[in-house]
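You will see chain A twice below: alongside chain B first, and alongside chain C after that.
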Partner chain A sequence: MSWGVRDLTVRFGGHPALAGVSLDAPDGRVTGVVGGDGAGKTTLLRCLVGAIRPDEGEVRRPDARRVGYLSSTSGTYPDLTVEENLDFAATTYGVPPAEARRRMAEHLERTGLAQARGRLAGDLSGGMRQKLGVIRAMVHRPALLVLDEPTTGVDPVSRADLWWLVAHAAAEGAAVVLATAYLDEAERASWLVALDDGHVLAEGSPDQIASGLSGTIRTASERPDGEMAGRSWRRGARWRVWTPPGAEDVVPDGDVVDPDLNDAVTVAALIRELELSNERGGVS
Partner chain B sequence: MTALAETSSVTRRFGHLLAVDRVDLQVVGGEVVGLLGANGAGKTTLIRLLLGLLPASEGHVRLFGLTPSRETRRRLGYVSQGLGLYDDLTPEENLAFAHAAFGGDRGTLPAGLRPLAGVPVGRLSLGVQRRVAFAQALAHRPDLLVLDEPTSGVDPLARARLWETIRGAADAGAGVLVTTHHMDEAEECDRLVVMADGRVVAEGSVAEIVGDARVVVVRTDEWQLAFESLEAAGLAAALVGRTLRVPSASVGAVERALGGLTARLEEANATLEERFLELTLGRTGAGEAA
Partner chain C sequence: MWAMIVKEFRQLRRDRRTLAMMIVLPIVLLVVFGYAASFDVKSIPVRVIGAAAERLATALPDPFEVESVDTAAGRAEAERALRDGEVPVVFLTSETGVTVLLDGSQLFIATSTKAAITALSERAPQGVAVEVEVLFNPDLETSAIMVPGLAAMILLFVGTIITSLGVVRERQAGTLEQLAVMPLSPTDVFLGKIAPYFVVAAVDMTVVILAGMWLFDVPFRGSVLAFGLGALLFLFVTLGLGVLISSVSENQGQAIQLALLLLLPQIMLSGLIFPLSSMPPGVRWIGYLLPLTYFVEIARGIMVRGAPITALWPLYAYLAVIGTVVFGLATLRFRRSLAPAGRGRSEPEPALEGASR
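Entry: the complex of A and B
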């Protein structure tokens, strides 16, 4: 099966939070949704799990009992222990007790939470609480697992545990949809939708997005002048300058680089920024 | 060149816990140094020692050649993860407050922020708040900039813009120390220092830190089966797209773990994150067990 959304539009007080966004989430695949704060990631995920009804567009999701969801704000009860949180979720979803205990033991053990079974969720560190939230969201072996920024603010060690849970859920056959603000993390998804201000900036596999960039990117030791300044950005100690197709008569001196995902998404955002600025009559 | 910030064999204990263990760290003008470490590795304690918020148990901390004090604080710019802005003050008022506290140039808001100068910070988006925090930290032209996860939650273009500001400060001669959990942010730095269990376990450029660390890459149509077979054999595989990456393992061991499964195996250079995990997990008591 493939779940997902098609041509989704959501308006909050007249402002479009999502404008014609589509996303496919087939079984056994990790689909990434990447964007900054306010890009529309949470709205998209909340539509997908049925927490928001879109103004336009279509949502395909399994029965609510086969959806697992970790919201960006909470996923656990702070005044219940780790074990009580998981028992409660298992009971709610009607997971047979033996099956629930087996899954719980495996997931807690593998993510370093076994020693914390008796601790209150509210007393856990951020990383441990996020791990508990993901384990809880997948306690009933959902067909669709939706995780809203599970790794934000989490250190790399806990992040590796969280990604193990994500891979494990996908290996079990779940369609996993994961939101993140970080491209190096999004790069681990098989398929990616990059959002900016409710619009799709780019979509495809990370390789497709990187190789689909039109024009060329060169490095420069200084920010170039004139028109090229608006098409340049800082990366490490050097600058990068994007030259659109057909504008090759003026290029910076530096070497052409093989674009990566970061370059491609940055250029897509630049193009959108330039278009918006032209629409407003050139005032940025 | 004399270091703007320097610790020599600095140690800090909390009771029996050794939070920072004989750390030597230097930040000179014009460079951006990234500080990496899992939670509990000692990063925050080291930063607090550097800022003069915490005395050392042993060893020395020097800021601009002096013992950290209120005086040295004036030459520092600091952006904490929580940004450290007053929500009920406007960006303009926040800047005025920082000026009153730390002296130096009054500083002005960047042009892009001026239309919002009169709006209380609490009503601005997180991305804008972040730019205000940067403007405030830079207003008094600090010689040393300390940034805790500077671009958390920011989209790639906005991140590039923030890095333009950070790099601009370094180009003008400031030293910059950045702590981060994110490797794409780490890769923006000139030099990295990796901490684990209170100690510096690696330092240098990304290439120097990764060194010759390798992983085994597994490509197969049945990655789910491969993932479970590797797991059963005690080999932790990371899923990237539809390929599996197995750190700290030989091709032979991976082949045995996969049994008869049809798969293409090859060795590849480890990423910074993979090498970081190897450095961190290779030590006892790492991570968040505490």
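Entry: the complex of A and C
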């Protein structure tokens, strides 16, 4: 049995924030929830830990003592030191003091926070604070570790430390669910659920999602005109154009490229957008 | 500068509570100061006892209002009635003269009584000696009645303002949601949250009382235990008020505004500064709804007059009732702050919810 949610629907003021979303989080796996702002990532994670009651659907989570959660607002006390923050969590979760000290020492050492153990959390940099938040969330070896955008606004070195913590938690057997807005980072997860406007766009391992893209992707130096404009997007200095299976596009100086995760999720969002506009066109 | 003014107006318009406070507060202040702020004592309830009680009772002019007459009672009964706070003034009569016994813990009534007696004794028949005796606070020292009042005010401040900030800070820092999903019951969070403030308030109050006794010779005549029980009940109310305020406030600014809105009438209408008997009945009744009114009475009664708990028990009972209501509301609101948000199907699948491997 794994943790997760099934057919989850949450409405805020009549508008569905999540519409029939399912997610499985088996032990030892890092499951990424990826999507832009307002996609429903935080709502999904809050349902998973029990901070929101869903309107429909079921939630499978362990007892509160075995859940670790880092909310998007960091969740550490700025007026407590690093050590005091961790002490509070360890005591609340009933971690034996010796075990708590051992874990704290290991995690603080590995993530470069050992020197800062006496500093107030409010005086830490954003990256250090996020690392503290994750260490706090996993101080009791949770069965389910839920992290809401732990790497947002964090420098690359701290990000590597954070991913070490995530991998370590999974290696200890935790089911890790992690939300991120960064697709490049999402590739580190073993399983991904891509959300858009409360709907699941794509699901699978990063490779499965990338290879599951139908049609072809070309690069272009300029944004194409006409109907193709709606199927193109900027990526770095160049543009990319998606051609659905069976369609013929003429893209000047367009080279066909192997789609990656970024392309696959973008195309999935495009397809959904086109379908929605077709539906709206059909109604009117 | 224009852009700055427009920005401020826009922000003010969004902050409805501040806007409401700016309108409500002057009205509250006007009512409080206009009606309640009065040191004038218009009527003085008295008890007349002793051999010539009936004769004197019929002869007493305004502002004295005779509450009861007892020809059989003597000085011991007079002192007991004053100590227990039944009346502020007792006329103890004998065939040869009148002794007016005053409760020194009721400063303004005692002063007014003294003035009225001076005027009256000039008109007294020859051979009748009128003697005034102030009990409990013979020099009518203000500090003797202000220190117990201040002790009450400190409990109110620490209990209400500091507690309300403590909880709302948690909400602002985003840690309240974290607490909600941790293995802590709302009661754990609630009691854990108020325990430190409880200790600080108790220490604060002890320091103020000891300093008052040492620096201003304020007496402490009654039972420390009875005082402690009253303080405990009052803290129960103020801490509940603090949590209630914080549970309906989004940020520290709102919490302070709301706390002030609740504190100001208590300080003005509780009898701490202005005597309740000087207020018009409408305003006085607001005073009777406020917890500080009862604790000021208890503190002064025990410290200055040495009143026993048996005489003050209705005040304890009122505090207990107010405390139960406030604490009940605070606990309900607090539970709601910690409960999962969202409506519709209220509970996820019970068989799966909380399952553990």
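Throughout what follows, the second predicted complex is superposed on the first by the 274 of 284 C-alpha atoms of A that agree within 3 Å, B and C clash if a C-alpha of one lies under 4 Å from a C-alpha of the other, contacts with A are read in each partner's own complex, and residues count from 1 in each chain.
The rule is simple: a contact is a pair of C-beta atoms (placed from the backbone, for glycine too) under 8 Å apart; a residue touches a chain by one contact, two chains touch by 3 or more.
Owing to the predicted nature of the structure, the values given are computational and were not obtained by experimental measurement.
Looking at the overlay on chain A, is there a clash between chain B and chain C, or do the two fit?
Once chain A is superposed (C-alpha atoms), there is room for both chain B and chain C without a clash.
First (chain B), second (chain C), both or neither: which does A:35 touch?
After superposition on chain A, A:35 lies in contact with chain B alone.
Quick check on the superposed pair: does A:63 touch chain B, chain C, both, or neither? Answer first, second, both or neither.
Touch partner of A:63: chain C, not chain B.
To make sure I follow: the centres are taken over C-alpha atoms, the vertex is chain A, the ends are chain B and chain C. What is that angle to the nearest 10 degrees?
100
If you stack the two complexes on chain A, which partner ends up touching A:93: first (chain B), second (chain C), both, or neither?
After superposition on chain A, A:93 lies in contact with chain C alone.
Quick one: name whichever of chain B and chain C touches more residues of chain A.
Comparing touch counts on chain A for chain B and chain C gives B.
With both complexes overlaid on chain A, does A:183 touch chain B (first), chain C (second), both or neither?
first
Can A:53 be said to touch chain B (first), chain C (second), both, or neither?
A:53 sits against chain C, while chain B stays out of touch.
How far apart, in Å, are the nearest Cα atoms of chain B and chain C after the overlay?
6
Across the two complexes, what residues of chain A are contacted by chain B and by chain C?
Overlap of chain B and chain C footprints on chain A: empty.
Quick check on the complex: what are the chain B residues that touch chain A?
For chain B paired with chain A, touching residues are 36, 38-39, 125-127, 152-158, 160-161, 163-164, 167, 181-184, 187-190, 223-224, 227-228, 236-242, 273, 276-277, 280-281, 286-289.
Give the list of chain A residues in touch with chain B in this complex.
28, 30, 35-39, 112, 115, 125, 127-128, 152-160, 163-164, 166-168, 170-173, 181-185, 187-190, 196, 205-207, 233-237, 262, 265-266, 269-270, 273
Under the touch definition given earlier, write down the residues of chain A that touch chain C in their complex.
Against chain C, the touching part of chain A is residues 1, 10-11, 46, 49-67, 69, 71-78, 89, 92-94, 143.
Which residues of chain C touch chain A in their complex?
Against chain A, the touching part of chain C is residues 173-175, 177-178, 180-184, 340-349, 352-357.
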